[in-house]
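The structure's right below; bear with me while I get my questions together.
Chain IDs A, B, C, D and E follow the sequence of writing; residue 1 opens each chain.
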Amino acid sequence: MTLEGYLTLSLMLFCIGVFAVLSQRNLIAVLIGVELMMNAASLNVMAFNRFSVTDPTTGQIFVLIIIGLAAAEVAIFLSIIVNLYRTRRTIDAEQLTELQG
Amino acid sequence: MSDIALFLPETVCLLGALVLFCAQVFGARYGVVWGLALLSGVAAVVASVWTWPLAGEPFFPGVYRVDFFSQFVKAIIAGGFLFVAAISGRPQTVRSDAWAEMPMFLLLATTGMMMLTSAMELVTLYISMELAAYPIYIAVALHRSRSIGGESSTKYMLQGMVASAITLYGLSFLFGLSGSTYLGTISSQLGTLATQPLFWLVVLLVLAGFLFKLAAFPFHFWAPDTYQTAPHEVVTFVATASKVAAIAVLCRVVALVAPAGVDAAMASRVLMWMSVAAMTLGNLAALRQGDLKRLLGYSAVAHAGYVLIGIQTMTGAGLTAALFYALGYAAMSALCFLVVVEIGRDEDLVSIESLAGLHQRAPLLAATLLIGLFGLIGLPPTVGFIGKWFLFSAAIEQGQFVFVLVAAINSAVALYYYLLVIRQAYFAEGTSDEPIHTGVVTLAVAGGTTGFVIAMGVVPGWFWARSVEAVAALMG
Amino acid sequence: MLEQAVIYLFAALVLSGGLMAAWTRHILYAIIGLGISLFGVAGLFLYLGSPFLAAMQLLIYIGGITVAIVFAMMLSIAMTVTPPERNRAKTVFAAVCTAAFGLGVFQLVRAARFPAVSPAPEEAWSVGAIGHALLTHYNLVFETLSVVLLLAIMGAILIARPQRKAAS
Amino acid sequence: MDTLNLILATTFAPFAAFVLAILFLMRQPRLAQVVVIAGGTLSLAGAVSLLSAGPVEPLRYLWFTSGDIQLRFGFLLDGLSLMFGVAVALITLCVMVYSLGYMGHDPSKTRYFAMLALFEWAMLSFVYAVDLMQTFIFWELVGLASFFLIGFWYEKPSATAAAKKAFLMTRVGDVGLFIGVLMVLQVAGHFDVPGLLATEGGLVAQATPAVLTTITLLIFVGIVGKSAQFPLHTWLPDAMEGPTPVSALLHSATMVAAGVYLMARLHPLFMGSETTLGIILIVASMTALLAATMAMVATDIKRVLAYSSISQLGFMLLGLAAGSLFAGVFHLITHALFKALLFLCSGLFIHHLETNDMAQIGRGGGRRMRFATAGLVVGGAALAGIPPLGGFFSKEEIFAALGHDGVTLFSVVALLAAFLTAYYTFRMIFLVTRPQQVEAVDVHGDHDRAEPLSMALPVVLLTVGAAVAGFWGGDIARGLGIEAGHHSLAAMAPALAVVALGVLVAWLDFGRQTATRTGFIARMPALERLFTNGWYVDAFYDAVIVRITMLAATILYAAESRLLDANFDRLGFGVLGLGSGTRRLQNGWVQFYGGWAVVLVGLAAAYFGMSD
Amino acid sequence: MQLLSEILLCPVGALVLVLLIPARAVQAIRWVCALSALMAGVLSVQLWRTYDAAAGGFQFVEIIPWVEEVGISYHLAVDGFSTILVMLTSIVFFTGVLTMWDLEIRVKEFFAFMLLLVTGVYGVFLSQDLFFFFLFYEVAVVPMYPLILIWGSGNREYAAMKLVLFLLAGSALLFPALLAIYHASGLGTFNMILLAQKAFDPDFQIFVYPFVFLGFGVLAGLFPFHGWSPTGHVAAPSAVSMLHAGVLMKLGAYGILAVGIRLLPVGAVYWAPTFATLAAIGVVYGAFVAIRQTDFKFVIGFSSVSHMGIVVLGLNLAVLGKAGQDALNGAVFQMFAHGIMTALFFSTVGFIYDRAHSKTIADFGGLGSQMPRAVSVFIVAGLCGAGVPGLASFWAELLVFLAALKTYPALGVVIIVGLVLTAIYVIRVFSQAFFGPVNDKWDDLRGLDLKGWQILPRAILVAVLVYFGFFPSALLDVIDGTTSTVLTSFR
């Protein structure tokens, strides 16, 4: 597969992630969407790392950091969801409409 | 040794965070924690200012740059932290079991912001951004009332994650287009990169995360919600230090691509439209608000628009103006939030109505609020006026007459809601005459910041010269 | 040839898993979809020359993150049992936004020119090189990541734990 | 004393008195009286000594400079101003002294006397002014004093209304004058009166005929306002609401004559425009006739006199417009004397009998008031033009001037007016002196109290003056530098005849014992109504001019509040509404927010894509 | 320290002092204000006496670089115009403080805001640096909001908001315009004296001038953007109305003159016919609307619209060359005269209102016998408004009308006819409120007439009106030289 192929693939993955973020009701599913977006970015980096960059360590470290940050992010977000669930008894994105205007 | 010196402010912050961590682990009283936080804040400021004359690249060349720009901004950020620490003597709206941790998180965020201003490498930039963001996500969630903090923290973090994912996606392209993660290398290839439309989109994608921090359209939706419902002290931090860091990094990125000249015009145009949208939406939506913090949130959106005026010019003058304004803006909004903290001690939400009778209950706070709001309106003798003057001037220099006109009309519209707040504080009769007792430290900070806001407005020369110097370091 | 086929298979996994995660109303399916997709990405990493990252992806992502999500899912029993109705308007809105974004980026990506280099020698891909870089060029990043992870854990615990009485 | 000091003393003595009185003497009315009368006396002395010294070169002092305009303050001391100055000072002093009695019990005496002083200062400064702008300024100030004096009893709504009317109507005229004066400046580049009147290099030489006509007409508009000519005459009868001495001084003898004086002053300019003269003739003759008809039917003694003033002012203007400066000025001076006299006499009646109605005065025993009755008869005869009293000669001059070009329409009208004058004057005299019966009123006894010395003295003085004024014609003509003409008896015959006829008809209607004491006009009810209602001029103003002005004000005010202001408010509320609309963007759906960001990034991408 | 800085320091110093004095020491605060005003007055008179009118031009120049990088400097200087306007400010300031001597509510804050306002006004008149000019302009405008809101009456919230929004909308137009002037000059300085020497591109001038004109015009009460002014006057407390109508509105006109006409002559000439027409409409319109008002202050407010129209008209006629000298002299004279006159108006109306608690004309009647002094003072002001000779504004109107007649005869005739309208509304107030049958309702006001020191501020104002009514050259000589200098670029 060529670089363009990988890029297209990652773009599609990113878009799928975006769609999940925008359309899913369950906040966990939304989080999954975000993960997909980050993975798309990782895939991008790795593709460039393979085809466009002379020193392949950079990309790998980049992706490694992304994975690490994703873990941290998920941890925090999940705890926030838990926190939310404690009072609201829901994690439906569409029911979070108390703050508006 | 020199590396340590260059990295001193961040080190101080990290050490402070460590000390606070230990204190918290050993179950120190909040008074002690607060003292330590103040101490760390002072140390961070001192360290940042001390490093002003230094310049260099600690760690590996090209990763991290210490120059006057970064150190100047770090001093402001540290100042922001110090301010927040100073008014956090009794952070009632923070969940009581998290009092001890709160300063630590904010200090970590401060570290992240400091790194953000120096980062010259994409991965460092990204991770600094996240380091600056996560503690704030956490802090926002630590509201004493879960029902109030829950929704906004969820939304805030969700939007932040999306923005940072977009940034990340952009960074990946930047990496691919240039074959390097070093900003230095990227800028050396600017000549070829700038001809590619994708490059400009990528720059925009990269900016997403920072625009999010700045609460610029269309990444501003979190601002009113979070401002309204996060603990007062945390919002203060978000509104001051965080904004400065975002502006600094925007300056950094724009300074990077500015030499592209004509090719940058389209990106500049996009930023201009963002600016127009941000200030218009922010000001309009703020017109009819009942919650003081929410109103300030929208005002922050509008101010993001003003700052973008300077940034979108992509000239030295514009960036200088943006930086100058960032400094002033931090101080001005700090003043407003100081009052919010004081009067909202026992309230989760601070309505504008609750300001009634403030001039009787606490004349000094009322005056503080007045000066802060005058600044936000953009009235002399505060820095708000001259800051806008510089921003507008930079844009006019680029021939953007109509744009500046729109911005100026916007600030006239904004007058309405700020004045309503002033009206409430100075005119409306409150239900209680009970004086509000304000701590000595808070009063001192209020006085100092007020003085700062006015000093910057009346004798802007020194501050302007520093900003010029900083931007020169940035562009040079 | 076979290699290409496998690559396309992984690509298909990535997309199908992603689509599943994005479309389903059942959170459990979504997690499974995520797992599939991540697995596909890991596979692609392998073919992009980095077995190390493929392993990391499997370990951290699928082993750590996905599992954490599963735990969180258990909280929201109600939504797991009766998945919420799809909001048609919102779905359309999401699709339109996504399409605008995707098309916009796609046309630029297609027009873009990326530098092409010959693949780096094998030893440049070694884990040792990565380790070396992490301790030299990227030591700052590496240290920072540890701070971030630490604070994330602390924060997560702090937020999620039931509220105690004030310690002061 | 040299001329400068003398003229300064003459003009500024009353001013000093005014300032002193108004600022410091509000609580000491007696002292104020003394101060003001001292000022008036000083003025009279000054004016007389100036007159006796004869004309001198004008005095001019720079007042201010703006660009190329130089405004001078100064004094033009020629025969005209010197004579009129004396008349003004004299009558003013008479009125001041008279007022000691007339206003003796008024609580606001100081204000009254101060205003008299203000008036005298303004009037004298006007008379002696060398600069046209100075003329205008004091012309205005005279009007101001008039406003305050008419409205002196401000608690009386009618007085207030009259003052308001006087101020506004003269204002209308003043606007014309103002524009005229400014045009003079444009044409001539200066305001210097002698310079403007100079035969060489004067305004007549400088201006084109059309411009000259415009200027003189505009100035005439001012005169119409101030001298109460048709159609701006209606304020004057109403102005009788003021104290009677004021009517005597301002509204008959001096201030209203300012218009005539101005025309006399600028006579050469008017002579330069045939059109203007024609128009003046028409207006003046109309006024003379109209006012006389109104006087015929008035029952209020002061109103009769007021209408007669209007009519006589018309005569003066007729004389001037007919080309005879002498005729106009002569009549001006004689009229000043006898009309002041008539007013003061009527004041005596009014003061004592507390009624303005002529019939009631008659019934109340007015004829027992000796000084008043004597003055009334002498003054009335002079007004009617009975020889050899003042009015006869001056009016004769006017007829002569009018008849200069043969018998014209104007002569006929003037004769008609003269007939009416004689008629209404004697109607007044007969009504007062020959009532059908005298009611037993308790005021009969004490005539010393009815006519105290302070009031009697001026009456006597003026009676003498009115009686002999006719013989001053030669002096006045000399003062003006004109050869007074001698008129044959034949030329005088028509005038004498109409006067005699007028007196006769008045005798028939009012004088004889069996008279019905209703005018012959009562037999023509339509005409009587017309005359009583002042030819419906006021009604016209109320119905049309006032209504249009107020309507315009109402419409514009409505436009202001409903259109302009409301729309600005609407704009404001519109922005607020936009604010409410904008708030709806923040609808609480977090995914909606994300959608914005994503879609806009897509749009930006499309925008960047267009660069190729 | 030099004279101009000293003048500026008077209110600033007083402001600092007032802020330091505890709010309870009311008497001390008043005295500080009065003394500072007196000092400013003395210094202004000194300025007026020592300004060398024959030499003309800018004098008493003080320059201290402020932000050198962008060419901002603290640059004070006066020409003939600002000399007399500074004097006007001092007079109104002093009399304003005295007028508010009886104020009991939140005295400290009131005087603090008032001093801030006065500082701004002085600053505008003294500054010759475009930046500081604009800065002081904003300083002067904004204190109006709290001043009206807190110490005002009637519909004060609406009025205060409306006023500030209008004025700052005006300055929104100015903001880009002033900066554009700075950048277009290419001189890198905000020094207005230097900028005035620069011949800007005609197209640029024509483009920018309307922004400058309208921006300042709003503050000058230019039709149709005058709506804020009557509403604001009505709601404001007396001293604030005095400063507002007396001085603040002059800032607008002065701005047009100092920035618009001085810096952008070509633009001024190009737009003059349009704006002159607008101003003339304002003159007649304001008078007409004033006729229909039922509230004292509204009458005065609309009369201000009318009178300021004369000023703006004069400014526009000035550049048209035919009678520029007279027009500009008249306009500046009118600024002064109108300032004193409205100060007198509001000082008196405020006085009556404070005692009777009514501003409705129809409520009164025969007030002349109950409060003869206050009424007399009002009458003097009214007569000045009606353009009666012997009071200062006559000269101003004379000069402007003269110029109007020369330049646009028809327009001139129309506005002179407008004088009748002026007389109508003035006389209407007199006859309805002060004359006529005495209204017993107000009998208890008899003892409350102006007395003692209360007379002082009104007496000063009357004296000034009369003095300059008789000796116009005392002002005109100062103005005339500067006028010729300004107009050299139009010949």
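Worth pointing out:
Convention: contacts are C-beta pairs under 8 Å (C-beta built on N, C-alpha and C of every residue); 3 or more make two chains touch, one makes a residue touch a chain.
Bear in mind the structure is a predicted one, so any value in this text is a computation, not a measurement.
The chains that touch chain C as well as chain E are B, D. With A-C and A-D as the two chain pairs, more C-beta contacts join A-C.
Centrality annotation: E (chain centre taken as mean Cα position, compared with the mean over all protein Cα atoms). Taking each chain's centre as the mean of its C-alpha atoms, chain C lies 101 Å from chain D.
Once the centre of each chain is set as its mean CA position, chain B and chain D turn out to be 77 Å apart. Computed centre separation for the pair chain D/chain E is 36 angstrom, with centres defined by C-alpha atoms. In terms of their C-alpha centroids, the spacing between chain B and chain E amounts to 42 Å. Shown for chain D are the residues in touch with two or more other chains, namely 583, 586, 589-591, 594-595, 598, 601, 604-605, 608-609, 612. Multi-chain contact residues of chain C (touching two or more other chains): 90, 93-94, 97-99, 101-102, 104-105, 108-109, 111, 114-115, 117, 138, 141, 145, 148, 151-152, 155, 158-159. The multi-chain contact residues of chain B, meaning those touching 2 or more other chains, are 123, 127, 130, 134, 137-138, 141, 146, 154-155, 158, 162, 166, 173, 176, 179, 197-198, 201, 224-225, 285, 288-289, 416. By the definition given earlier, chain contacts exist for A-B, A-C, A-D, B-C, B-D, B-E, C-D, D-E.
Of all the residues in chain B, the ones that touch chain C in their complex are 14, 27, 29-31, 59-60, 63-64, 95-101, 105, 108, 111, 115, 121, 123-124, 127-128, 130-131, 134-135, 137-138, 141-142, 146, 173, 176-179, 196-199, 201. Residues 583-584, 586-591, 594-595, 598 of chain D are the ones that touch chain A when the two sit in their complex. Of all residues in chain A, those touching chain D in their complex are 18, 21-23, 30, 93-94, 96-101. On the chain C side of its complex with chain B, the touching residues are 104-105, 108-109, 111-115, 117, 136-141, 144-145, 147-148, 151-152, 154-155, 158-159, 163-168. The touching residues of chain B, counted against chain D in their complex, run 154-155, 158-159, 162-163, 166, 197-198, 200-201, 204-205, 208, 218-219, 221-222, 224-225, 266-267, 269-270, 281, 284-289, 413, 416.
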